[in-house]
Every structure is written in structure tokens, then in C-alpha cells.
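Next come two complexes, and both contain chain A; in the first it sits with chain B, in the second with chain C.
Take a look at the complex of A and B:
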């Protein structure tokens, strides 16, 4: 199999296929998207103009027999942050591209025409399909229509928000059953970049493709066995759905709702408190019990579930489907912790049904849930929606479907622009991107990550919650202020994982089980035919490329700071502020 | 003395007929530790992975005070 890079030129409506150049040979996922963006996109360019490019890259191991390795990275200059961006997701596209031998798809150029297109990628062939009839269509309807013509295909692309160039537009992806477009590379407005290229969907059909094979099969297999064992043995990633064992299979990521609340760190009412009385009603435990209840009541007709895989070959299986209490039919899949927090807790909405419906609208319209929830909080600050009113929030969000509705368009630009437009000062953003579901005042390490990551506020970029709250890797005190080393180590390892194609949740197992960590490096090195492929060295290299891009784009140390209210305003119930010094924040990259 | 206890996720089964997040008042002897509570409920030690008392991380040897709120989670993770 030849490893290829595909260039889709939307100025010419043409494409090329080239063998992957030597300098990119050992890259994949985030490592490859960030390298290509840094090499080919002027950091000062308009993110929605002709100079930007959007890159789709499966991880190094995607499509192989390595477990939970089918993640897709999407990269570009972000219209939301103005810096480099990589967002990754499960779904089908990464595995499909990998089986066709495609290491990256680069969409470049700028169309003069006003038509919409899909791009169909299949073995040795690329087609442009005119798709004007699919513009402004909800994504649930779109993916169903596309699978009728292209069954089993991987789908990803830009929804209504992206087609309208709104800055909170994510890149959607279909789930393996094609029942939901909810596998989002959501953050940073990448959907708007694809929309600026007049592309709606990238359809990948891997018929005739084959599984990518490792160069050093022995080393790869040794590592693979270690990784499988670590994931299966560990209490968080292992176990079995419906039994006492297995946190993620039973409760999904939303198992965090109650624990972060009990730690007094669950951002409530636009980060005014760390405790929300209603959190339990929208928690992972609540979803689990609703699924069991509706399964019993509706039998074969019930569509709720947990322990579901977000991509083929995932053995962690943290995804879920929230059912309607009265019919058993699916409302949305998945409901993640971050989404339940953003669309629930932070708006003091504690109806699981309302939260699930809000998430469904996000998925349908093509926006990231975290920034959408923060934007709704801003709308509540502005008095446009009453605090805690789930039904009113749903009606407000539906304004997004109307191209002539100003509030709808404003909220789909994300929290930062919504705040500026509506004259609200209190907005939780770093580098223009909204904060996720952990208040940085009681948990200092995650605040260091929010402030310093190249991505804008992003928990996944250096998930120090694992040691600070969940006891991983021996644990760390959440109140401790010297967190530069911890955050840097997590940011670096994460960059490596994001390049590998593995899901970030392997971290829970490999932090606690040494063989799992060996398995990570051995599978990657074995696949690439290298003796070693050091985690910290490679991770740091990716971060430096991204940091350099951001510097050239105009970012300074002043951009590596949290909003002032986190420093000034005490968070109840523990009455703590974010006391980490600026020197400590700067040490993350200064001491790399 | 009386304390308030919350158990979450798979540990919920040890407090049957309670709502999610409901604090149950239990009577313990002066000087009791968290370890004494999990023994009383026959919860395996490795399943009492994350312990908060009044919102602060504590360990199994923490000595309980009147009206304390211990909250116990099994190994969990997400994000």
C-alpha cells in the first residue's frame, strides 16, 4: 500500500494524490495536521479566506488492530482562536481513510462559484458531487440521505453553522450505526473553515481497501497485547457494561458530573459556584438508570444504551444514547460530560430531557456543545433567556436554523463573540475559546492547561484532572499551585496520543499500568518500523510547532492567562481563587 | 455520633432505595474512620478509590467527626 496525501483544490475543483513526503513519513493525526498547517498556512492569514487550509488525518495506528485507535484529527488555523487548531473525534472516517492508504486530506484554495459540493473519496478516485439541495439541511437528515447512496461510508463535514461561516461551527462525524452526527471534532470553528471552501461533507468509502500493516509486526503485536491487557484490566477503561465493574462502559464520561460537583469544582451559573444541587439529575448515573428503565419498559423498541463504541475497534466503549423517557426512542448519542455540563449545569438546567434535546440541536445544526453552552450562559447574562429555563433555551437555540435571525447567528459564533455583541463582560474564555467543565480555582493544574495550551481553553490538551481529582498516577493535590511541570507533562503526552490515533482515554490505563505505557510506544514504533519513538520527545516537538505558529500569529504571554474574574472572585463552596502566578504559567513553555 | 454518607456510581447498590446523590444519615462510634465505614458496608477497599470529606480529598484512615459528609466513589474517569 502506498501512503498518500490527497489535495483537494476548490479553486480549480481538482485534486492530486501524492506519495507522503519523507518529512511527514513518521507523522499522523495531530502531528501531521499541525505540521502541514505550520508549513503551508501563513499564521497571519484570514482563517476564512483563501490562505487557510483544512487538513483531515487519521492517527498513525488508525485502521490497524491496535485497540481504540480510530481517532480522526482535523487541523487548520482556527477562526475562533486565531491560532493553530487540532480537534479530534471518533466515528468512521479515520478508519476508512486509513484503509485506503490515505494519511491526510488537505482542502485548499478558495472557490469563486457559489455552489455547494460533497467530496467522495474511494479507492484511487476522488469525485466532486454537487450538493446544493443539501445546504442548510439538518445533519440527522443529511447523514441518513447520504448513507442511502453511500452505505457504510464515513461522513464528516460542515453543518448549517459552518456553511454560514459562523465561528462555533464544528466538524461533524457520523457514528458507526449512522444514527447520529454527534462524533464531533467540535472545537475552534473548523466547520466554518470547511464551509468557506463550499464543501458540506467528505464521504469516505473504503471498499477495496485493506488494513494497514505494521513494518515491524513483532514489536507492534507485543505492544498491542500490552495495551489490550492494560485497557481491559484497568477499572476505568475495562469491566463490562451492566456489571459492577467498568466506569466508562456503565456511565460514560458523564460519570464526572457528580464527582466534580462533590469536589466543589463544577462550574455553575456561568462559573459563579462550584456546586449545583441539580447535577445528579443530569449525571452519568441518571442516564444509566434511565436507559435501564426504558429498556425494561419498551423492550426491543428501546433505543437507549451505554457501553457503546464511538468507532470500530474501540474496547473502552464510553459512548451512550439518551432515550426519551416516554417512548424509549433515542434523543441524542452521545451525551458527554462536557455537553451535559455546558448545556445543563452552567445554565442551572437540571432536566435530562432538556439537556439531551439541546445537545441534539447542537448536533443537528453543526456546533460545538461547550462553546454553545457558554454562549447560552452569555444569553442568560444578557437577559435573553431566563436562568435555568430549559424549554426557553431550546426555543432560543432553534433560532439558529433561521438565517435571518440575529440572535441565532450571534450565539452560533460562540461565547466570546456573543459576549462582545451583547455587551457582557463575564465570559469564560482563553484565546477566544470557552472553558470546559472544571473550574480552575479549586483545581489549579487544569487552569494551567487552559491558560497555556496552544488550543485555547481545552481540558483534553493536558488533562491533569486525572491525577488531581481521579487519583491517577498516584494522585496530585488539586490546590497545589506549582503545576507547570504537571501540565507540561500531560500536554506533551497528549500530543503524542493525539498523533497516534489512540483515544485519549487510554491515559487512565497507561498512567497506572507501566506495561500499557510501553504498549503505547511499542505499537507506534512497531507500526512505523522505528526502534524507539519516544513519547516526550515527539510530544514536545508537536507542541513547539504549534506554539511557534501561534507566536507568528501574534500571540504573546498575555494570551496565556485566564479571565480576570477567576483571579479576583472567590468560588463557593470552598471560597478559592486561581492563585497560580504568571511566572508559573510561563514556565510551561519556557522550561520545555 | 451521626454522619452523612453518599455513595456514587457502582457503589450506589450499597445504599438501596436512595436517590442519586442522596446523603444518608448513619450512626458511627466516636473515632471511626472511613475504613470502618466501608468495612461495615462490605465495600472492597480497592473500590473505595476516591474519598471526599466535606469536599476535600481524604484517605481511608481519616477519623470522622460529628456531621461530616464523606462521599465515596469507585475508580472512575472520563472527561
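Take a look at the complex of A and C:
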């Protein structure tokens, strides 16, 4: 392992390469981005000012032969929440950086010039490339142009919204085929932080790089085999695309559209109901059927698909490509559950074509789909778009391309600012960030996570891993735990997985199959050359760092609350409110 | 006077998903793939699945009765129930698993009234 940190100073347009400090030696991904942000960024600094830094870090195992481990974490002080932020994604960049021996890229400083740049990272050099001609360019066009000059490179960066410093700007990433910029570290406005540094794209070319090698190869390989077996064996992550086996490979994450709907917890029409009659039309099953139809109709020219890997080495392969029904050409890749919900169900839009096109515009202008969908809901509340009108929503979203359009700019700031600007009270946000696709009233455990995570409302912050396996439940039936204990255990484990580089969907295999959990522990410990790398200890440490940052930034317990309408308004069909007490919410971190 | 009947409590509605859709007349992904069966007093979910739908447990993923997730097959089906049956491999993911209070379907956990 080379283990270097690259520091890119945009004030001086220079860079340095540093050996990773001892204190960061066993960190990666979210653990590393949050540690660096906490150590180097003043919690009270302006997120879009000179004091903020944005950090890109591959997971500990990214670039290795560990399956589904190529996640890239991006961290900074968030312009959307005002707190610490980590968002992660697949794509190519994590694997490329890891093969160059780079543990983190820190972009810091503040440019006085008004030019735009790309940063090219390769084995022999780091180069600033003036890129004014690429400013305000749609990302589909941009990634195509960049690959012509830098084929096979990992691309990530800030799109149109980020370049305009708008707060719902995500960090885009190209997919392995470079057909779509949709591998987003989307949440929290990190694209605006990169935009404030006048950087459009980070281009990573790993030519001449080598696969990172574990310190204890034998232990790593033992663990790797176990993890591969567990992922392949498991009903959710295993199977094969195009067969009856393997839900994620066939339906993607959008398998959830029908499931959460049947659970009565699918937020519909800006969180007014838990059930949407049209959900089936935009479900993973509908995408699957459309892909099969267009493949049959258009043969080799068809571009739709499922069972697609979002990064090299992923064997879960939950990504997909939604084709145009009439041409077979790709509209967008992927269409995730959260995006189909935000741009469909929550707006009562049940046209798969409209939802896919809305997602494509988000990808093209560089914004997070969850907050975008919530912002569109606010626009519908304000009467700017009729409820359920997909074509009108598309036309509205296109306003984002026009730098002089006020509605377009407001919408790209995210739901919270859109609501304040347009005078709408009903907006589902925590710490300024919009809620994802699980209503917290029937699913109170996720509500606790939405309320208390340092990240703002985020379903991935509290991924569900059985606490009894983590040893935090004392062997008790986990459903006897209160929601605070449950949420804490989930948040802690998620932080650990986010630092490993593994995709969160390994959770099923490590939970249900003992060999899978051993595989997780052994691959990480084997790679780092440690005997043990305790999941809960490491996860809690990351959470404490992040929590402390937010405390210094001025967050209090009052920020760990859901919007009032979740407490006051019953959600059909269960007719329940969010009745978790404030004391229980506060216990998540008080007891850690 | 015409009186609209909202629910026929002697019927159970079974909504099918994934490969289980094949049991219904309208089995496309955008169709409402549903079958209606008579409600039988004291019938368990296991009996319905094995004997009336002729399915094995291995073919079943997530199950909902009246929009609530079900972990055990020995629950008694209530009158007029709406049952959501998903094919094997189709389970609650991510935040949805909070409904279960644990990571994945575990058929042996004791029944807890989540609500």
C-alpha cells in the first residue's frame, strides 16, 4: 500500500502529496472523510467559503478483490444542513484512486480567479486543466467529452447546480460504461462545495496503478471467499438476472416500491398517505418488464437492462437502465427506489417514462433526486405544477438549465429553501435535508434515525443490521429494544460499513449467514493487518466524531426532531402518528 | 335504496407480486394481480399458502396482512383480510427493515405487535 493523501490547494493552484498520518492509518471511506473534516474544518465556517474542505476517500477495501467494495465517500461541511456530511456512491473513482495508492483527496482553499478547472490525477502527475468551455454543460455531454480525452477514467464532480453553488448539488460519478453520470454521492449539497472551489471534475486515470494488496493476504482471502459465497447464496443479493432468483439483480432497489406500498409506508403526495395506487406502474417489476419487452423488440439496439454493476467488482448488481419504450434507447441509469419514489409517488406521478426523464434531468444538471422530488412536491403545494402531472414537472425542472430563471434556481436549492421561498409550511426536512422514501409514522425506527443522525434525514444513516449479531442487544429479541437502542446500533454499523468500502447491501449476507459476517471482519482485518477490527467500537467512534462536529457547529437536541406534521397528522392506511418521545430521541446519543 | 357494499368480509384479497403474479389472471407488472378467495374461520397463513395456493414457503418472500409485515406462518387470517404476497427474494430493504425491528425475515422470532 502506498497510502498517500493528496492535498489540492485551489488558492495557489498547487498540490502536495503526504504520507497518511498514523492516526488515519486504519481509516477509509466515511471514517476518513469525517475525521479529516472534523480535524481541519472549523465547524462554524461558511460551507461555501474558504474555510471548508471537501474530501474524497475510497473505502478501506476499494480496489481490492473483495466483492462489492468499490464505494467512494465524499465529505465536507454541508451547505444544506450546516453540519458534517458524508455521502457515498459507486462508480469508478474509488477503485481508480485505490489502485493509485491514494487514500484521500482533499480539496481546500478558495480561488481568487474566475476560471473553471478539472483536476487530473494519474500515476505520474496531478494536473490542473482549464475547463471554462465545460462550465454550465449537461453532465451526459461532459462525461462523454472527458472520456474521449481520458478513456476509462473515473470521473466525479460538480454539475450545473454545483457550479452555481446551489444547495441541492450532488457529486456526480460516471458509471463503469460511462453512459450515465448517475452514480451520485448526492445528498447534502457537496457539489456546491466543490463548485465553490471552481472545480468541475476530478479525473482519475489509474494506468500503471496496482491493486492494493492486503497485509495479511491469507486472512483477507479467507474472508473474501466467505463474503462471495454469502452474497451469492443469499436470496436478496444472490441469484441471476433474467431468472426467478435474485430480487436485486432483477428488480433493483426499486423492488421496494411495491413492498413499502403494501406495508402502507410509502409516502404519497408529500407524505399524505402511505399507499399509492399507481406505485406498481413505476416499480422495479415494471422496469424489468419494460426492459424485457424492449430487448425483444429492438434486439442489439436495445439499451435497457437490469442486473447491472454500479462499480467494478460488484457481484450484487442492483443497478438498471430504463429504456425508452418506443426506441429501446436508454433514458436513465439507474432508476433507484428513492428516486422513483421522490419523482413519482410523492408527486403522484405514475408514468415510468416521466419519472425516468425527471431522473435524467437531475443527473444532467447535477442534483440529488430525493431533495429534488421533495422540492417538486413543494412546487406542487405552491400551485406551480399540478399534482400528478409528469410532463409539467419535466418542463418545470428544465428551468434549472436557465441561469436566469428564479424558479429553477430556487428548486435546485432543495426542498427546504424552496418551501421558505414559496411560503409553504408543509415540507418534510430534518436539519434542512429532505426525507427519503419511508414514512416515519408507520416505521418509527427509521423516524428516529431521520431525526437524530448527524447527516440530516437520511435512510442510509441507520441501516438495519440485527443488533443481536453486533452484540449490542445482550442476546435479547431485538424487537424488544426501544427505538433509540435500535437506531443507535443501526447508525453505528452503517458508519462501519461506510468506511469499509463495502456496499450497504452486504448487510443481508452478513446478517443471515454467519460466514458472511466472518467475511466482513476478516477481509477488513486481513487488509489492514489487524487481528480484530470491532464493528461497534469503530462505528461508534465515527458517530462521536460527527456528533461532536455538529455540536460545535451549533446543533442542539432541538435539531433532532421531525417536522410537526408527522406528530400531529395521522397517516393512512395505518392511521398512526410519529409518537416517539423527545426523551427517546435524545437517548440515541445520550446513551452512546 | 341502493346501499354500496364497501367490503365483503367473507372474501380475502390476495395481492401477488414478482413471479407469484402468475397465479392471477392479470399478471403483468402494471396490472393489479389479485385473487379473491373465501375467508375460512381459523385458517392460518400456512394453510392458505400450502393448501389453497399450493405454494411452498421457499417460494414466498415478504408477507403483509392488512399492510402489516408478518413474520410467522401460524397467524390466523382475519375476516376480509388484504394479503400482500411477494415472491422469494423480495424483502424489505434499507429503512423498511425497521418495521421488523431486525435485519431480515426471521421466521422464528416471536410475534410482536409493532403498532
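Annotations for the structure displayed:
Criterion: the second predicted complex is superposed on the first by the 572 of 592 C-alpha atoms of A that agree within 3 Å, B and C clash if a C-alpha of one lies under 4 Å from a C-alpha of the other, contacts with A are read in each partner's own complex, and residues count from 1 in each chain.
In this text, a residue touches a chain if its C-beta (ideal position, glycine included) is under 8 Å from a C-beta of that chain, and two chains touch if they have at least 3 such contacts.
All values reported here derive from a predicted model rather than from experimental measurement.
Taken together through their common chain A, the two structures put chain B and chain C in a clash. Shared-chain residue A:81: touches no atom of chain B or chain C. When the two structures are aligned on the shared chain, A:294 is found in touch with neither chain B nor chain C. Counting the residues of chain A that each partner touches, chain B and chain C differ, and the larger count belongs to C.
Of the two partner chains placed around the shared chain by superposition, neither chain B nor chain C is touched by A:320. In the superposition on chain A, contact of A:251 is made with both chain B and chain C. In the superposed model, A:345 lies in contact with neither chain B nor chain C. Once chain A of one complex is fitted onto chain A of the other, the partner contacts of A:279 are limited to chain B, with no touch recorded for chain C.
In the overlay built on the shared chain, the residue A:492 is in contact with neither chain B nor chain C. In the superposition on chain A, A:259 contacts both chain B and chain C.
When the two complexes are superposed on chain A, the residues of chain A that touch both chain B and chain C are 235-236, 244-245, 247, 251, 253, 255-256, 258-259, 262-264, 280-281, 283, 285-286, 289, 337, 459-460, 463, 465-466, 469, 477-478, 504-505, 508, 573-574.
Touching chain A in their complex are the following residues of chain C: 15, 17-19, 28-32, 61-62, 64, 67-69, 84, 86-104, 109-110, 112, 114-115.
Across the complex, chain A meets chain B through its residues 234-237, 244-245, 247-248, 250-256, 258-259, 262-264, 279-281, 283-286, 289, 318, 337-338, 459-460, 463, 465-466, 469-472, 475, 477-478, 504-505, 508, 573-574.
In the complex of the two chains, the chain A residues touching chain C come out as 235-236, 239, 244-247, 251, 253, 255-256, 258-260, 262-265, 274-275, 280-281, 283, 285-286, 288-289, 337, 436-438, 442-446, 449, 459-460, 462-469, 477-481, 486, 490, 504-505, 507-508, 511-512, 573-574, 576.
The touching residues of chain B, counted against chain A in their complex, run 6, 8-10, 12-13, 19-21, 46, 49-50, 52, 55, 57, 71, 73-79.
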